[in-house]
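Got some structures for you, see below.
Each of the next two complexes has subunit A plus one other chain: subunit B in the first, subunit C in the second.
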Partner chain A sequence: MDSGTVWTAKFGNQTADVSEFFSNVNRLLDNISGAQAKLVPEHYRALLYMIAGASDAIENPNSLLRPLLNAALSFSPSHDVLSPAHALFLIQALKAKQYKLALQLLKYDVDKFDSAYGLTYQDHLRFHYYGAMVFIGMKQYEKAIEYLSIVLCAPGFPCSMVQIEALKKTILLQLILYGKHALRLPRMANDFTSHSYRAFARAYDHFAVAFENGDPTVLKLVWNQINNIFSADGNYGLALHALTAFRKRRIQKLRKTFITVPMEYIESKDVDILENGPGTKEFVLAMIQDGDLRAQISQKSRTSPIIVVFQDGSITRSHLDELEAKLDSVRQLNEKIAVADRHVGQSREYLSRKLQSASAPGGFLSRGGGLEDLEGYDDSMSMMEL
Partner chain B sequence: MSSETHANSKVVDSLPLFELESHIQNYTGRNAVDRLLFIADRCAPLAKDALTLAIASLKQTAEVNRYEDAVERLHEIAPHDPRATIDTVWVDEVTKATRSTGDKLELELKSYKNNLIKESIRMGNSELGDFYFSIGDLSSASKFYSRQREYCTTHKHIEDMSMDMIRVAVHQRNWSQVETAISRIDALPSKNSDIEPYLKAVRGLWSLAQSNFALTASTLLNVPVESLTHFAPKSRQKATYTITDFVTVNDVAVIIGLCSLASYSRNALKDLLDNNANFKEILESEAHIRTLLDSFVLFDYKSIFSTLEKHKTDYMLDIWLADHVEKLFDRIRENCYTQYVRGYKRGYLDKMAARFGVSQDDVEKDLIALIESDKVPVRLDLENKYFLFKSADERADVYDHVMSIANTFERNGRLLLVNIGVLRGGLEINAKPESSGFDPKAFR
Partner chain C sequence: MALFPPIDSLPQSLSLSDLEPLESLAQCAPVDDANVSRYYSLFIYCLIINDDIEEARFLLKRASAARRTISADSTEVTDTIAPLSTARKILTSLWTKNYVEFFLTVEAARHSVPLESPEANMLRTLADHVREANYSFVSRAFLSGALSDIAVYFGISEIDAKEFLVQKGWRVTDELTVRAPALSKEPTKAAAQQKARLDSLTSLITHMQRA
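So, the complex of A and B:
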C-alpha cells in the first residue's frame, strides 16, 4: 500500500509518463485484495479517488476505466463484495457511456458489505443506482428496476436523495415495462420512506395516472405541464421512452382484439403524443422488427389495403430452456438465503437480541426464531411468501 | 322524487303501449300518485292526463303540498283547464284538519313524555310518523319513526319501527337507511315470517338502484307471487306493509325478465323457465317478457331487440326501471353477443349481423367495444370479416404464471440478501448529511 501512496504522489506531481503510470496503477490494483485494502482503507480509497479524479486532467479518460474495473473485480474472488471501487467505476463508465464494460462488473450480484473497508451507505446506494442507470442505457429495464428496488428498500432512516431519484426512475421504468405504476414500494421499504417518496415524486405520480388512464389527450396535457420537471431531474430521455411505450402499448393492445386489421384502422388508433415520431406504418414496421409486436404485414396487390396479421405466441423449446435456467437460478438463490439465514442465526447481535427478548414476557423461546427478528426485516414476509 | 332527479330526467316523446287510466288502476295510494307525477315529468304527450289523474287522487289524501304542486304544473301545461285552479276550500279544510290532528298528537306526545310512560311515548312517536307520512312529509315521518328507537322494549317493537323506516326510506330512495333498517331486523333473534317477502322485494329494488341486475333478479325471484298480488285495505291499519305499495306483479315480471336477460346465461335462464314455478306464475302477468326469454333461449336475437324497442317507452315510464333502461339494454346486447359467439369456433360477421337484425358495421363496432372491455372472448379478422373464439392456451398460461412467480421470488430474495448484507456490514442509512458527490443529472 505504501507504493500506492507513492504512485499517488507521483501522479499528483505530474512527473511520470501517464501511460506508464496507468499500467503500473493497473498492475498494483490487480494485486490488492479486499483483505489488504481493509488494513489501510483510507489510503486505498484515496488512491481510487485520485484515479477517478484524474479523468478531467488526461486526454483519454476511458483509460481510467480498466484500472477501476480491475480494482473492483480483484477485491474478492467471488466478486460479491462491495468495494469502494464499485460505485466509482460505474460513475466513470456512465460518463464515458461504456455500458458494455460496466456490465462486466454488473454481471456479478453484490450482497456482501463491510464498513471496515471504509464504505458508507452512500457507496451501496450509489452502486445500485448507477448500476440501474447502466441497465437503462442497455435497455435492460427489468434488471434496472431490480437494482432500483434495492435502493428503495435500503434499510435505515431517514430517506436518502438517491432513493428519491431511484423512485422517479422506477415509476418511469414501470410505465415503460408494465404500462402501470401503483405508487407503492416493495414490502421491505419502511413507512417513513414510503411517505417521503409520495411527497417528492408527485409530478411522476400524475404522469403515471395519466399514462394508465390511456387517454392520449390527458397524457399530452400532463406532459405539457410537467415535462420541465423531467428535464430538471435528468429524466427527460426516460420520460420520452415512456411516451414511446405508450404509443407502442396502444398498438400492442389491438392484438387482443384482432387477428388481422387494416393499417388504416391502426392509423386511426395510433397517437404520437409529441407529433415528431415516425408515421404509423414505419412505427408498426419498426415494432415488428424489434420484436415488440408479433405480427406480419401483408398486401395482396399493389392497390389493395395493407393488412397487419397478428401471430399467436406458443411455447417453444427456447421458452422451456429459459424456464429451466430460471428455476436453476431460483434454486441457487434459495441456497444462498438458507446460508444467510444460518449466519444471521449464529451472529452475536442476533443471539443477544434473542436473549433480551427471551427475558421479556412472551419472549423468543415461545415464538421460535429466525430472520423475522432481524432489524429492518419486514415481519409480514415469510420465506414461503417470497 | 326530488327536484334534482327531475332535472336529470330523460324525457320520452313517444306514447307508451299502455293506456294510462287502466295502467294506473293497477296501483293504489301513494304509489299511484308517485307514478302519475313521474309519467307527467317524463312523457310530454301524457303529462296533462297524468296530472289530471294525479290531482284527482291527491284530493283523496291529505297531501296538500303535492296537490298544489300538481295543480301548478297542470296550469303551466293547460292554463285554461278548470282543474288547473287550486281548490282553496278543500285546501283550507284539509290544512285545518291536519293542523288540528298534528297539534293533538304533539300534545299527547308531550303529556306521555311528562308521564315517562315508555310504551306511550313510543306509540306517540309512531302515530306522529304515520300522520306525517299521510300528509306527505316524509322527512318528518322518518324523524318520528326513528325516535321510537329508545322506547322499544320488545323485538316486535324494533321490527315495527324498522318496517316503518323501510317504508318511508324506500319512498325517499334513501337506500342507506333501508340497509340499516333491514340489518336491524336481520339481527333480531326472531322475526315475523310474514314480512320476509316484503323485505326480499325491498332488497330487490335496492339492488336495482345499484344496477346490480343479477342480484335484483335472484332476489325478486324469491318473492312469492301471492305477496305480489296482495293490496293493502283502503282503511289501512297500522303495520300493514304490502309490496304493492311499491311494485305489482307486472312490474316484478318486467324487472326480473330484463335483469335476468342482462345477466343470466342461456342455460341458467332455461333452467329457471323450466323449473321455477314461482317465476312461471309471475311471468303469466307479462306475456311479452315470457316471449323475450323464450327468444333468448331459442337464439332469436332479432326478435329480442325488436320487442325491447317496442316496449322501451313503457320501461322508460316505470318509476323503478327508468334510470336503468339504457344500461339494461346495453347489458342485454352484451349478453346476447356473448351467448352467440360462445357457440362458434369461427363465425362470420355478415351472418351475425343478420341474426341480430343490425348492419355488419354495427356488429363490428359492438364486438370491438366488447372485446376491448374483456366481455367477449373472441378476436376479429377484419380482412376476411369473421371472428375466432379465443381458446385458452393453458400451457402458455402456466408458463407465464411460473415465470412470474420465479421472477418475484428472485427479486424479493435478492432484496432480502442485500438487506441482510447491508445490516451485517453496518451500512444502514443514517442521519449523517450526504456528501455533495451525488448528482442525478450528471449523465444526461
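So, the complex of A and C:
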C-alpha cells in the first residue's frame, strides 16, 4: 500500500482527541518533502484538503494554519515552487484574519510551477489572487497590484472568474494609489481575455472614469448608482478607500498651485462624497499625520485664520531603507531572470521555434546570431504562446 | 490540551514574545473565560505600543470571532466582557484619531483595575507611548496654533499642555497660542550619514542601469 493511501486512511478515520489529531498532523506535514508529494500528488492534495476541512468543521481556521504554512515552506528548499498547500494556506489565513502569518509565505516569490505535483491552472490563479488579498489587508497596495497583474496576465481561454475579480480589485487599487486606472491591461495579457474583462467589469470602469474626471457631483451620482455592485462583489471597503483617496487628491492638487493657503479655501475645495467623514481641518491634520501631505499648520492668534503651509518632500531614513530593499530585490530578480533566460534558451520549444524561423528567408541564423542570442527573438509574441 | 494560564501569573512587564505564543491556547479556551478577555486586551495594547495597529485590528476581529456567544434565542451576539470591550473602544478611538475619547477611555480603564495589575502598567505605557508619538507629530505639523487645539493630542489640560510645551522649547503668547521652536540649520551627523548613504545608493543604481 503506498504512503499516500496510508496518510489518507490514517487521518480519514481519526476519532481521537482533537489536540492529538492536530499534533499528529503537524508532525506529518513537517516531514513530507516536495519529492515525496510528487510521488503521490493526488493523495497529498487530498490530505491537505481533508486537514483544511477538519479545521473548518470545528470552525477554527487558526488551528491548522501553522502546519499548512510549514507544509508550503518545506515543499522546496528555495521556497519558490508552487505547491498544493500554497493557495489552501492563504485561504485559511484569510478566513482566520492571520494576515501577518500569511506574509511569512508571501515574502518568497513563487515562480516555478510543475504540473507533476498535481497542480492546475486554478492553483496558480488562486495563490496569487489570495496573496493579493492579504497584501490589500496589510495596506501594501503596490504589492497587491503586482500579484493581481500576474493573475491578469495568466494565459487561458476563456478567462477565469478569478481573473475578472482580480481586474475589479486592480481598478480600485490603481485609483487609490495613482488616481487613475490603466487604460490597457498589462502587455502580456491575452487579447481575448482583455475583451471579456471589460464586459464583466463595466461598472468599475464607469466608476474609474468618474473618479478621473474629478467632478464630485458626477462621482457621487455614479456611486449612488453602483455602490451595491461593490458590496455584492465584496469590494465595498476598497471602494470606500477609493472615495477617501479622491478627497485626498483634491487637497494634494492644491500643492501644485499654492505654497500657503488658508484653511477656509481648502474647505471650499474639499468634498466628502458620503458626508460622514471628519471635518476639513481634522482631515488635513490626519493626512499630515499619515504622511499623505507634507504641510504645516500656522495660526498666529486665536482670531487669525489657520494657514496651511505646503512643504517640499524631504528624503528620510525610511525612504532610503525602502530604496535599499527594492534594489536588493531587483538584484535578486536579475539573477533569477538570467537563470530562467538560460533555461528557456535550452528548452525544446525555444530551439524548435528558432529552427523554424532560421529556415525562413531572412531568418535568425542568416543574421549571424547564435542559438542563445536573444536579440533575434520576436518579442512581439507572448512568451506564453507556444 | 494545556489550559490557558492565569494572567496574573505572567511576567509583570509583558512583551509581544510573552503574549504571541498564547493565542492558540486562547482560541481553544471556553467562551466565557474572563481571563482570556484580559489576555486579548493586553495583547492589543502591546501591539499598539509596538506600532502595529493593523495587527491589533485583526487580533480584535479574531478575538471577537473566537468569543462569540449564543444568547437564549440563538441570536449570535458579540462578547461584552469588559476588558475586551474596553480594548475595542481604545483601538477604535486611535484608529479614528479621536484622542479625546482615547485618553478618557484609558484613564477610566486605569481607574477600574488594581494599581499594580498588568492592565494598569500596560495602559500607563500605552498612554505615554501615544503622547510621545503625538508630540512628534505636533512638532512636525504645527508652526503655531491654538493651545486648545494642540492640548487634545496629549490628553491633558491647557495649563499642563502649556507647561509641557514650554519645557520642550515652545513659546506661548498671551492669547494662548503656541509657536514651535526654531529648527537648527546646522547639518547634523545623521544628515551627513544620510547623504553619504544616498550617494552610495545612487551610484549603485547607475551601475545597475549600465550593467
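Assume the second predicted complex is superposed on the first by the 320 of 386 C-alpha atoms of A that agree within 3 Å, B and C clash if a C-alpha of one lies under 4 Å from a C-alpha of the other, contacts with A are read in each partner's own complex, and residues count from 1 in each chain.
Quick note on the criterion: contacts are C-beta pairs under 8 Å (C-beta built on N, C-alpha and C of every residue); 3 or more make two chains touch, one makes a residue touch a chain.
Owing to the predicted nature of the structure, the values given are computational and were not obtained by experimental measurement.
Superposition of the two complexes onto subunit A shows subunit B and subunit C fitting side by side, with no clash. When both complexes are overlaid on chain A, the residue A:323 reaches subunit B and subunit C alike. Of the two partner chains placed around the shared chain by superposition, neither subunit B nor subunit C is touched by A:277. Greater residue coverage of subunit A by touch, when subunit B is weighed against subunit C, goes to B. Looking at the shared chain after the overlay, A:139 reaches subunit C, while subunit B stays out of its contact range. Contact with both subunit B and subunit C is seen for A:315 once the two complexes are overlaid on the shared chain. After overlaying the two complexes on the shared chain, residue contacts for A:114 are found with subunit B alone; subunit C is out of touch. In the superposition on chain A, A:162 contacts subunit B only, with no contact to subunit C.
In the superposed model, A:234 makes contact with subunit B only, not with subunit C.
Fitting both structures onto chain A leaves subunit B and subunit C with a minimum C-alpha separation of 8 Å.
Once the two complexes are overlaid on chain A, the subunit A residues touched by subunit B in the first and by subunit C in the second are 309, 315, 323, 327, 330, 334. Of all the residues in subunit B, the ones that touch subunit A in their complex are 368, 371-372, 379-384, 388, 393, 395-396, 399, 402-403, 406-432, 434-435, 437-438, 440-444. Note for the complex: subunit A touches subunit C at residues 17-19, 60, 62-63, 96-100, 137-139, 278, 282, 285-286, 288-289, 295-303, 306, 309, 315, 317, 320, 323-324, 327, 330-331, 334. Taken together, the subunit C residues at the contact with subunit A in this complex read 1, 23-24, 27-28, 54-55, 58, 61-62, 65-66, 97, 137, 140-146, 149, 173, 175-177, 194, 197-198, 201, 204-205, 208. Subunit A makes touch with subunit B in their complex at residues 82, 91, 94-95, 109-115, 119-126, 128, 133, 142, 146, 149-150, 153-163, 165, 186, 188, 232-234, 236-237, 253, 256-262, 265, 307, 309-310, 312-315, 319, 322-323, 326-327, 329-330, 333-334, 336-337, 340, 343-344, 347, 371, 374-377, 381, 386.
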